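Multiple structures are listed underneath, in C-alpha cells.
After this come two complexes, each holding subunit A, first together with subunit B and then together with subunit C.
Presenting the complex of A and B:
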C-alpha cells in the first residue's frame, strides 16, 4: 500500500512539501537571529545620530538574503524538481 | 542626469569697506557654497561679525521661547509678509505680546503645580474622611504622640492595655478603618508595636489645613477644580495668540535668522585689516551672473575670480570637498530622498537617482501588482499630498504615488483586483454556494490550483505561448507556470539592475583614475554577470552544447582570470559567490508578491467560502444578511492589514535591492559627499 503511494508520488510529494516548508522556515529563523543583533545596534546608532538611518538600514537588511536562499530551495523543490515526471 | 551639477572654485576678494553690500548680495543670490576659512594662513585671520550680531542672538532666544510656549513648529506658510511689515511688527511681538505669552505660560505651569499639590493632599486624606477629629488637632503636640492611619481591626482594647492614658478616635469598625490614636510620648514605642499587630499603616497629615477632614477634602477638590477652570481661558488665550500670529512669528524668526546669519558670516571668511577673501564653490554656469552682480553691488571694489582646473585640484587634494548638487528633472527629484538616505554621492561619482526612478517603482509595482490596492494607495497619497507639505513628506508621497501607478499597471497584467480577478468572477457568477460546507462541485476549485476555467466570464486576453497550459495574460500569480515565469523575470531584472550598477562602477573607477580597479575588478564582475545569465538562457534553450553556453563558459573563465589578476589577487574571485547571492536576492520580487496576493486570496476565500456559508447554513439558498455583514467585515479587515503590509514591504525590499545589490557595485570605496548648501536662505514666510 505504502509502495503504491510512493509510485504515484503521494507520500513523497508530501515529504517534498514538508521539506520546502522547512527550507523557508528555518532560513527565516536564521535570518531573524542574524538580524536581531544588527537591529538592536542600528536602533542604538540611529537614536544617537539619525543620519545613519540609510547605512543602518543597509546593514540591517543584509541577512535578509538568507531567507531568499531558503525560498529558492523551496521553489526548486516545489516547482522545478520533478522526480516523478 | 546621473552627474551632479558642474562646480567651479571661486575666490571673492575685496575691501572691508564693501563687505556688507557683498554679503548682502551673496545672501540674496543664494548660490555660493562657502568654504570656511580654517585659519591656516599667517597673513589672514578670521573675520569679525558685522552689525548687531549679539542683539540678533538675544532676540532669537526670546522668540524661540515664545514659539515653544505657543507650541509653534515649522510648517508650510499660509501667509507671507514683507520685510517692512516684519520689522514694524517685530517690536510688538518680542515686547508686550511676548511678555504676555511668557507670563501666561508660566501662570499655567504654576496652576498645574498647585493643582497637583492639592490633588495629592486630597488623595492622601481620603481614607481619613470619616474621622470625627478636626485636622488641626492631629499634629503639633509636645507631650503627646499621635498615630494617624488605617488599621484592619479594632485597636482600642490593645492600646488601653499598653497605655492607660489614651484617646482613640476611629471612623467605624470595618476592615481598613481610619484611626487617630493619642498617647503620652513615653508610651509611643509600645503603642506603635501594638498598632502594627493590627495592620496599622500611617498616613502623613498635610500641615496647614483646618476644620473637619471631609470638609478639607471637598475644599481641596473644589480648589483644584477652580484652578483648572482658571487654566482653560489662559490656554485659550495662548491658542488665540497662536492662531492669530503663527505665520508672523515664523516670518520674524526667518527675518532674524537671516540677519544673524549675515552678521556672523565674516567668521567664515579670511580677512586682513583692510580686506576680506571669500572662498567657495559655485555652479559653473552661474559664474558670469554672480561676478556681474557682485561687482555691481560693491561698485567695482571687489574682485571675483574663477580658479582653473589645476588650481582647484590643488585645493581638493588639500582636503577640500567639492559640494554635490544633484541635477535631476522634476519628476525624478523626489527619489533623491532615497539616495540621500544612503549617502550623498561625491562630486565625481554618479548620482544614482535617475536609476532609482526607473527601477524602484517598477519593483514596487511588480511586488504589489494589484489594481485595487494601487488605486487606494494612489487616492490616499493624493489626499496626503495636500496635508503634508514639508519637502521630505512631499518626496516620500510622490515616490509612493509614482510607484502606485506601476502597481496598477502590473495589477492589470496579473489580473488582480483585491486578490485574483478569477475569484471575484467566480463569486459573482453565482457559484458561491460551492463552499466548505456546501456541495463541492469542483474540488480543485477550492485549493490553489484553479485550472483554466476559473477565470470565468472575464476570460484571458493574451495569446497562447508554447509550453504553458493556457494563455498567459492576465497571468494568475499563484499558478505554477506563472511562478516559474516570474522567477525568470525577477532574475532578469536583477541582472539588468546589477549590470547597470557595474557599468557605473567601471566608469566611476575611471573617473577617479584607478584603471586597475576599473578593468580588473569591476569589468570582470560585469562580464561575469552578463554572461552567467546568457549561459543560463542557452542552457534552457538547448542544453549544455548550445553555442551560447559555450561562448559564456569561455567568457566566464576569462573574467575569473581577470579577477585573479586584479588588485585583490585570488581574493578577487570572491566576487563570484557574492554576485550569485545578489542575483538570488532578486527572487524577493517574486516571493513578497506571492505573499501579498496570497493574503488577498485568503481574505476573499475566508469571507466567501468560510464565513458566509458557515453563517448561513451552507449557503445553498443564498446568504443571510448577517452572514453578508460578517463576511464584509472579515473582507475589509484582512484586506486592510494586507494593504498596510502591501505599502511597507514593497517599499522596503526594493530599497534593499538598491542599497545592497546595486549601490555596492559603484558606491563602495568612495561615497559620502558634501551636500551643496549655498550661503543664503530660501525665504518662505518673507515676501520680496
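Presenting the complex of A and C:
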C-alpha cells in the first residue's frame, strides 16, 4: 500500500506541500525577527525626526524581501516542479 | 527611597527604540564648529542662536525672569534635566534601569550643590537655580532640602538612605571629605546594583564607567601632583573601581615630570601628550581628557550598536555640550579672552 502511494506520488506530494509551507512560513518568521528591531528603531527615530518616516518605512520593509524568496520557492515546489506529473 | 531595584531583563532588541531615538537626538546637538563661532559672538547673540536650537522652550519660558548669561545658564541646566528625564521616560526595563543608575550622579551633584549653598549661606533661590533634577531625587524633595536652614537638617533628611553614612562625615568645617565620600558612594552603588545583574548591558555600562573613573583619577593626579601634595592624601582621594586604579595610585606623589613620563603609552596619552609635556594648565588637560572620554563612549558604541552605550554616549555628549555653552557664556561675562575660553571648551 505504501509502495503504491509512493508510486502514485501521494506521500511525496504531501512532503512537497509541507516543504512549500515551511519555505514561506520560516521566511516569514525570519523577516518578523528582523523587523522587530528595525521597526522599534524606526519608531524611535521618527519620534524625534518625523521627516524620517519615508526612509524608515523603506528600511523596515527590507526584510520582507526574504518572504518573497520563500514564496517563490513555495510556488516552484507546488506548481512548477512536479516530478510525477 | 529604593536603593536597589530588580529589573526585568530583556533581549538586545529592547534597546532598538532607545538607541534609534538617541541617535536622532544626537543629530540635534550643537556641532563643534559652532563653538568657534560662539566665541566670537556677544551673549545676546548666543542666546538668539540657542533659541533656534533645542534650548528654545527653556529660554522662552525663562526669558521673562532672567537675562544675559544668567538666562543661558538656567536654561541650559533646565534643558539638561528635561532631556535626561525624557530618556528615562521613553525607555523601559534594562535600558531604563541602567540609565537611572548612571543618572544618579545628578543626585550626588544636587546634594553637593545644596551642601555647598548652605555652607556658604546662599539663598534658597540661588541654590535652586543650580540644581539639575535628572536623577532619582525629585524636584519637590530637592526644593524641600534647599529650604532647610542648616546643613545638619539637610543631612538628617537623608537618614535611612545610603547617602546618610557619607554625609555624616561632615565635620562642620570641610566639605571636601563629604564630597569625596559621595563620589565614592556613587560608583560603589553602581558597581553593586549593576554588577550584580550579570547582563551584557550592565557589563558594557561598567566598562565605560571604569574608564570614566580612570579619567577622573587622572585629573585628580594631575591637580595634586602639580600642587606637590603627599602621596597618601592623593591616594585617599582616588576613586576605587577604575581599570588602572593600582597603576594610577602608584603614580601618586611623583614629581610632575616623572608622572607625565609614566603616562606615555597609555591609550589616553595621544589626547593629552602636547599639553601635558609642555606643562599646560590642568583645566586644559581636563578638557582634552573629557573629549577623549566622549570619543571613547561613541567608539565602543559602534561595536555594540544595540546596547546602553549609544545612550551613554549621548548622555555624556549632552552634558559636555551644556558645560561648553556655560563655559563660553561665563567666560564672556567675566571678560576672558577668546583664546583662554577656547582652551577650556571640550571639542
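The rule is short, and it goes like this: the second predicted complex is superposed on the first by the 85 of 85 C-alpha atoms of A that agree within 3 Å, B and C clash if a C-alpha of one lies under 4 Å from a C-alpha of the other, contacts with A are read in each partner's own complex, and residues count from 1 in each chain.
Here, contacts are C-beta pairs under 8 Å (C-beta built on N, C-alpha and C of every residue); 3 or more make two chains touch, one makes a residue touch a chain.
Model, not experiment: these values are computed from the prediction.
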Quick check for you: in the superposed arrangement, does A:37 touch first (subunit B), second (subunit C), both or neither? second
After lining up the shared chain so the two structures overlap, which partner does A:26 touch, if you call subunit B first and subunit C second: first, second, both or neither? neither
Which partner does A:64 reach: the first (subunit B), the second (subunit C), both, or neither? first
Is A:75 touching anything from subunit B or subunit C once the two structures are fitted on A? First, second, both or neither. first
Now for A:17: first (subunit B), second (subunit C), both, or neither, which partner does it touch? neither
Touch test for A:48: subunit B only (first), subunit C only (second), both, or neither? second
Where on subunit A do the contacts from subunit B and from subunit C line up? none
Of all residues in subunit C, those that touch subunit A in their complex: 12-13, 16-21, 23-25, 27-28, 90, 306
With touch defined as at the start, can you tell me which subunit A residues reach subunit C in the complex? 36-45, 47-49, 52
Using the touch definition from the top, list the residues of subunit A that touch subunit B in their complex. 53-55, 57-58, 61-62, 64-65, 68-69, 71-72, 75, 79-80
Show me the residue ranges of subunit B that touch subunit A in the complex, using the header's touch definition. 340-343, 480, 483-484, 487, 581, 584-585, 587-588, 591, 652, 655-656, 659-660, 663
